[in-house]
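Below you will find the structure I want to go over with you.
Note that the chains are named A, B, C and D in the order they appear, and that numbering of residues resets to 1 at the start of each chain.
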């Protein structure tokens, strides 16, 4: 299968839909150890992205254009921590497709490690800091291992979603060392990080949109 | 029986006690159609009065002095609507005993009409306006009728307490025309006026202190 | 019911401790009278030949009233218990401190308690040969029909009446003029308020009344009392439209008229919401061709921590504009 | 759970409508940039040769940050969503507006989001040959131990750092000096806050967290987030004592030292309680022989309608005192 710009527009539509549904849950998670706005940031950001990419002429733009539009629009709609982190991730995703009019199944899988590196470079967090990076790096590690092992795209995407969810779960036991929650020290243990939770939801909607 | 300054000090002690007990109830009544502070005013005012009259040397002061002290202290502790109204009432009460070192049972009964006139003169309310005056004037009318009929003091005091309670109850059906509640118009109907309620409690404690 | 949490030491001490805290914070501007600690006097206010200006009322409305004591505004404020008029003694002490031979004006909101206590103080002042004139503010449009304006409450619009009268005193105008100006200002001040939640007295810490999840009180006073009506919570624009409709019905603005504007928080409503309201007020004024000379936004006349807001229009003429523009320097207000 | 009632039109529109309301109310002092409506610029701020000063952060802290734009303070503020750093674009637009050839300083509180967005904007400004220096405020004593001061949050003490830096810019000092002064001011600013109730975002209107009836959060930030500890609600004096103990432990005041003082409301806590707190602060300072040069009391850095308060001591030296005393004229602050 090959995935052109239209597929990536549909991908962002799917992400926007899932963020609408998860908004209040993500806000509640952020409220326990943060400032309760993470669901709003993700919902507002991807709703703006959806509007912008829906307006693109898919016949003339490349997948890279779609990602770059999303990055710029997300950043400006959101700000916050999530804005620069996801804007960087989305630009890195777009960069992996530069020069292509469509992506292969393996290209899709390779978006996850690229986005993970973007988040790590921008946020300077490490795995174990109790952030969205725990979700992304868990998913990314699985994708890279399976790519190396020459697995089929569909299997990799399914595994990436599963590993993302496991990464999010792993943040429950962690003590935060980055972001707002870091000031709570030991009080942050026992709750899932909101950014880790939204990352799992995002990866599921993003990769799931191609499987469906 | 004759009642000297000591009896009036005890009377104020009894009033202070009953206002302690009724504070929250009176605040709740005032909250529904007023500003929720009436219980505090009465409690704070009579607690200050109690402290002041307890400090008097009952061997040398007259009942009039006790009332005048109470009036002055109540006014300065309270302000509000209740302050001037009860300060005037207490001064008028004291005036009825001028020149006496002790009061008779009939003198006690006559305090009620005197205080009622003080409240009416100061506040310019009429019966039916849904204020403390409804309690006082109900009680006062009964006292005057029984005094005219030559009734025994004990019977008059008991009837005065009963009529005060009836006066307070009568305010439930009224629409307020005076004080804060007047701005609520028809919304004020259906709730007892806080000042009418405290007046019934006050009259009961005041006259009851002599019966006991 | 959950008690409201407050940062206080005790309900009984809170007013005195607040006044102490104010005097410490603003010792360059105000002082409490040594023998009347509930009388707050401006250090640079009273001066020979100037009409003295005394304001006052219950506590819990801060920065009203005691925050408006200072040069160009009130010479003194008498401080009552929470939501309770001060008794006559501290008012009289204020009158004495403000009296410099040209008479004294009393300005306060129209409440039974305040009227009785200030009137008693005025009588006592008269016995000391201090001439007192009283101006009672009645800006709350919702609190009585137009033919019973004298029954209306004084609410946040106090601010404009005080400011105009304070400026008139500061200009050394005679007491007749100050009285005329204060009455003029009051007659041109229109306020409507709404309440979203009740407040709690420090002694009981129990909310005054219960309001449904989607209800608001309309035509609210400033003592946490219920409003004249209860209705569903509406959008900011709908709330402001209703306020402006009520105000315009009486003010009857002509195109080209000028107003000063106060968007006031009852305490718990943050600036964000007040400015959203201000946006709509300005749209309505622009539609009506009314110019805005000056705007104040914030907590000016509060009910402890109650959520809610009011809008006041001060219908200017040239005289009032000049008075409004004069400087004032108070602990909680500067112009 | 009962939703918090707010006077708004919609959660999505609230920030833009607030900014519109601010520009209408204070059009003599500030304006939004026509092509960047979340960039608020002082009308009388930027001028040739002056170092430009840009502040910013999330909304919901009003009067911080946009209320502190004006002559003598910030030249521009970038406005984010509620509790969310502004993105780089409006920050860059502010930098352009504030840039008059002498460089620009960015001042903001130390939060991951703000750091990332302001740093991106600084990189973009550098590509346009605008020299940017960044000073991140870290006054929240409770938010990290002394050996990790750089991890601390910036909270209400921002006010003093902004004031000192704004005065330095206003004095036309070169950018090295402005940077030195801002860092000096930050290093001498100490804040501790407590929270009594959570706030609710306009989009969800659900309180951020639940607090027991007799509990408070200690060491609270300004985004309605929980504090570093939860403890029983105490008296005003006990709360202040704990705050002052934490501050003194680091500030180590000597007798005769001078401070400026800010007693700040998180929004829902009324002036009455702040002044009760101020009384105790002054008692503690008097005991320690510390003089108070100036005091500000009120909502300066808020978390929407959250109940709570903070105390900030600004440990003065002669240089900082002179800067603090310079006039400033902003929409929501005047000195």
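As a working rule, a residue touches a chain if its C-beta (ideal position, glycine included) is under 8 Å from a C-beta of that chain, and two chains touch if they have at least 3 such contacts.
Only a predicted model underlies this, so the values are computations on that prediction, with no experimental measurement involved.
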{"item": "Partner chains that chain B and chain D have in common", "value": "C"}
{"item": "Distance between chain centroids, defined by C-alpha means - chain A, chain B (Å)", "value": "72"}
{"item": "Whole-Å gap between the CA centroids of chain A and chain D", "value": "32"}
{"item": "Interchain centroid distance [CA atoms averaged], chain C/chain D, Å", "value": "29"}
{"item": "Of all residues in chain D, the ones touching two or more other chains", "value": "none"}
{"item": "Residues of chain B touching at least two other chains", "value": "none"}
{"item": "Chain pairs that touch, as defined at the top of this document", "value": "A-D, B-C, C-D"}
{"item": "Complex contacts: residues of chain C adjacent to chain D", "value": "2-3, 5-10, 14, 17-22, 24-26, 59-60, 62-63, 67, 194, 196-197, 202, 213-214, 216, 233, 235-237, 239, 261, 263, 267-279, 282, 292, 295, 297-299, 302, 304-305, 307, 309, 332, 334"}
{"item": "Residue ranges of chain C touching chain B (in the complex, touch as defined)", "value": "11-12, 58, 80-89, 111-113, 116-117, 120, 143-144, 151, 153, 198, 201, 203-204, 206-209, 219, 221, 223-226, 228-229"}
{"item": "Chain B residues touching chain C - in the complex, by the definition given at the top", "value": "23-24, 27-28, 31-37, 39-41, 44, 75-85, 122-123, 178-180, 182-185, 187"}
